[in-house]
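Chain naming follows the written order as A, B, C, D, E and F, and within any one chain the residues start at number 1.
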């Protein structure tokens, strides 16, 4: 079965929408169990879409972005996989095998994008300085647009040009560059924390920074446990001040004049 | 923090000029916030994660609260700080924070509270929604789908989103009401609440540095027969999360020295790529 | 060898006494090495009693009730086992095999009993309210009686009716009920802690509750370590107050009037 | 704790009316206490463990100390709280506590001290007596028994109980003397001692909740192919001892709302059995 | 600490008579210290490890600082306390400590700071120099040597010692300058600095006791068939590092009771040998 | 090849110097890669010395004294091993096999010496009491001398008398005595800490001792982590005092007179 450019374009649009849904909206229409049938509809084979969607849902089960880390991309995996299964008639399992490299490539691409979007934050800082609320909004809309367009092409290209050509394109990118940007993404929060600390850190809070670090680094405690313990410390401090004041008051009363 | 003038400047940047309680937020305002919270990750990036989308979400409310333009700017600047939490639980944090904004707490108190409440919710939400709700709904949907029924897709979509939107809107209103109720208490103890919030906030930041910043070196020193792996043989023996700590402190020093975030990001990106090419990252 | 009803009755009494000794008195005459010979005496074969007792002592070595949790019951194990060995002449090892199911059944029974005894505590609360010391004492004596009688029947019945009939009786109880009460026993301390907290908890102590919980739940520290650390915190607080007072005093002296 | 009147009520329930130092306890009194401590677990149960037997043990002494009936009632009520310790070391705790009673400390100070001292002694005693002394004596006894000698039983009995009773009586007197010596010190610092005792006591209670309450769910959610085990897949990832904490807090809320212990126990039992039948416990 | 006179005596022993800032140390003085630091372990022993060599290293500087003979004696006594750190980093500690001596801090403040700074540097230095620098240089040297070249030995020697001596002298000067800069600050907050130093110092000592004292018993109690291993079956279940703690506290009690160190050492040696012969150590 | 007494003597001197260097000076001329060639020079076979030194350097790689604990002695291992290789012509590997027992024996010997040197510390205490700086210096020089002489004999004897005789001597020492002194060495720091505590401990610092112990014993945290956490506690305390004083001041201002 041949795919028309219009079909490819519509699938690209579907990727655009699902791509946004993966991080925004989060209705989860981007999950295979929904996306599969939609691909089926576009390609005129709903039934196969449903079945491939069901299969892929199980394959991607438990894979969701945790703390910003990307698993192999579920959307491109589903669109490419389902399209392949419908056009060639292979089983869903075989389609997964074809789809996974694309899913992994897009996983890298997204990681890259999230690194590359970092500089936009200073634009936002400037807007904030001017209380320019419109600017903030535009940056967010722009972010959506970039993400969506990226997804569009990730779906459109392999489908329109066929797997081999698309694969060659992916391989053309220098691996070190991609990996390097991925590494940079892992380090990037340090910049965010540094800016945060500029606002919030005062000398008298240094000890608490140390305690939080020691608890996370050496004791390997999760953030929740550390936040609980910190809350306890804060409450102790909070209540002690009352006492001090009270003590002082009492002392003065006792001493009379 | 050095000289006194610096300290004054800090206080200026920290306290709102207009200290009168801000305008009340209506149900419609809170609903608007909840709708906009759908774009929490619109400008997601690894430097500040959800900061941009977070600000986007609470922006209309902030405008209503801070009629003084300087205050609005101060507030917006504060809200551009690093943030990461679970998208379904974010409206809970938003509700509380907006109540604090209304009562015109210091920027740093508000930010400390935000970090302290939002950060642990990240892991909690992931466990509850990504690792529990999603597989359950997905499993049921896939089961039906594999029997050839389109009901799988539909049921999945409905089940999942009933929970999703109930939480998103419910938590928003609940948290805002809770926060507003606390306003008099907070107002009466401004300084003490600020101090307590700072303790929790900063402790969590210390923990986040060790947890979120992923930086390790692949450097190996080959000396004849001996191979010394810098990360596992040296740094890990010294202390865990050593490089993340050092890198964060360097960034902090540079920020204080006036480097712009863009410069730091570029620096980090170049370092990442160069490190990969040179083989030490 | 046949067992007379009188012998069975005496063995029941022995179980009564040993049963109390397992949790009260604690002279440990209930351990196989002592109990075995006593069974032997009753059945007129001291020597076998001694040998079976010695063997069972080693089998039950290291099994004692820790923090209220019951191991397979040593007393019924010993009495049933020793009786079986003496009457049938089988080796001690075989006797153990016969005795273990009974020991396990009684283990469950005791767990059940300790759940079921919980409501008596509110009786005690009422007596305490009235400063009724006699009442408290009676509850304790009643507890002993119930426990002893329970042991009596656990020994008497299988010995008198023979193993099969007794076994059938045990099996007749619904497993879910027994297990459920066992589960309830595990949860029960929550009620005890809640009542304790009503007396002792004030808002200013909430942080310490949190710290204790974090230390036990996440760091998995034993109570001793937590108590040590808590003691350290308490001492710091204790001594700091002196200082505060002192500081205040000094300030006032400095400022003079 | 809410309103002021509530606080006053609390103080009333907490402080003894008669603040004069109680009658001295004679050697005979302490011996009596040690003898009665043999019945520490007479009314053992999973709600309060050794509470009833503990009170039984110190009751004659309490009667002597608190000649005021109201005080006696207050004291007895306090001593009906959850307790678990090692039976051979309990007289050590009793001795100290009776000295505190004599000096008319607050009920809550006394209870906090009791919990703080008694709880760690549980594990210590188990390691020393159940896991060490008992196997040693038992091993020696069994060895002789297996050679056919009745001396095994006799030797075991004597060895074990010499240690047992020496400890039980020795510790009782030692601890009481120690406590009495401390009375003037305690009296002079009543408030501070109370605060310190509360810190340790409450911390230990927090730890006990996580250690002693055993509650986990067997619930599995089957969604097509997916099986989500609520306990291991969700709750344990959230935090350890989550259900024990939640259940204890619920019980606490109900107690404060006036539910009687019996009601809570029945509730718990029904829950246990129902949970087993329904398959979620 | 008992009576008031005792306390006064303690303060006397703790504070220097001459409270005026000590003579400045010249570059030559610091260099001398760095040279002498080469003998840090000249009198190494398991009781006080590097104490003797440490004092040897700073002795000329101490003589210059304390012109009052009593003060010099006090200072020297303090510096004979247990110390263990990395030999390459020791001059860093020396520099700081000499600056503190110049500003005439209490003996106990100085000692607390010394312990707090020096002890963690032990592990850090071992990881950096013994486990990293040495294998690297050694590997390169061995590689050349195995090809038959004497350059291996020479290169090894040069590479290693360039790092070694740069650190030793560089750190000495750096730390002293740093310390001197801090003198006014320290002087202004003497009591508070002392308290803070004590907190860190004593905490580290508590940790050192659990880390450094190696004492465990091989005692097994054979009771018929039962074998109870005192260490693993009893003590380790009770608490870790139990014997080291007990032994240290016994030594402490004996020291306070006036036992001389020699007596304690002899006692320990006899115990070690006797324990081995008797089979319980 | 025979070894002259002069050569043995020179090798002894080499051991003397290298022995000091292992703990003092620390130029690391005592490492095999340097020491091997030096032995070669003395025995007139530089080339073999270089090769054996290189081999042994790799064998001893990563073995250095950590926290005072001795690994098998590198110096005697190298000198005996290199000498053996040069005189007998065996390969470096075989030489290692011969050298290791000596290296282990000397390891024990040094451990012993470091236990035995402990009493010298009280001599130092006395000197300190008298501000006798010369005395302190002499003790240190004496320590060097004893150590050096010990090394001298450890090298000289086996080389001069041959391995067997030396081995017999080592075996003549009662193992229990040596082991016992080794055990004593492990306990010895307790004495050091006790004396330290006499100077530094006050009642108000007991809680911190407990916390340090709990952190090291139960949580198994390294000293660095504990020192960091302690620093945080100290800073909190340090800054809180300011506040208290400030509070007091403020209160008084507020109250005016």
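Definition applied: contacts are C-beta pairs under 8 Å (C-beta built on N, C-alpha and C of every residue); 3 or more make two chains touch, one makes a residue touch a chain.
As the structure is a computational prediction, the values presented were derived from the model and not from experiment.
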item	value
Chains touching both subunit D and subunit F, listed by label	A, B, C, E
Partner chains shared by subunit B and subunit C (touch criterion as defined above)	A, D, E, F
Comparison of A-B and A-D (more C-beta pairs in contact)	A-B
Repeat of the A-B interface, chosen from C-E, C-D or A-D (over half of contact pairs identical by residue number)	C-D
Distance from subunit F to subunit E - Cα centre to Cα centre, in angstrom	13
Centroid distance [mean C-alpha coordinates] between subunit F and subunit C, Å	53
Multi-partner residues of subunit B (each touching 2 or more other chains)	124, 131, 135, 137-139, 141-144, 146, 224-226, 238-239
Residues of subunit C engaged with two or more neighbouring chains	58, 61, 203, 208, 210-211, 213-214, 217-219, 221-222, 224-225, 229, 231, 233, 235, 241, 244, 248, 252, 257
Pairwise chain contacts, counting only pairs that touch as defined	A-B, A-C, A-D, A-F, B-D, B-E, B-F, C-D, C-E, C-F, D-E, E-F
Residue ranges of subunit D touching subunit B (in the complex, touch as defined)	221-226, 228, 230, 233-234, 237-238
Contacting residues of subunit D [partner subunit E, same complex]	123-124, 127-128, 131-132, 135-144, 146
Subunit E residues touching subunit F - in the complex, by the definition given at the top	1, 38-49, 51-53, 55-56, 59, 62-63, 69-70, 72-73, 76-82, 84, 87-88, 107-108, 111-112, 115-116, 119-120, 122-124, 126, 130-131, 134-135, 138-139, 141-146, 148-150, 152-153, 156-157, 160-161, 164, 192-193, 195-215, 239-241, 244-245, 247-248, 251-252, 254-256, 260-262, 264-266, 268-269, 271-277, 281
Residues on subunit B engaged by subunit F in the complex (per definition of touch)	224-226, 238-239
Contact set on subunit C toward subunit F in their complex	219, 221-222, 225, 228-229, 231-233, 235-236, 239, 243-244, 247-248, 251-252, 255, 257
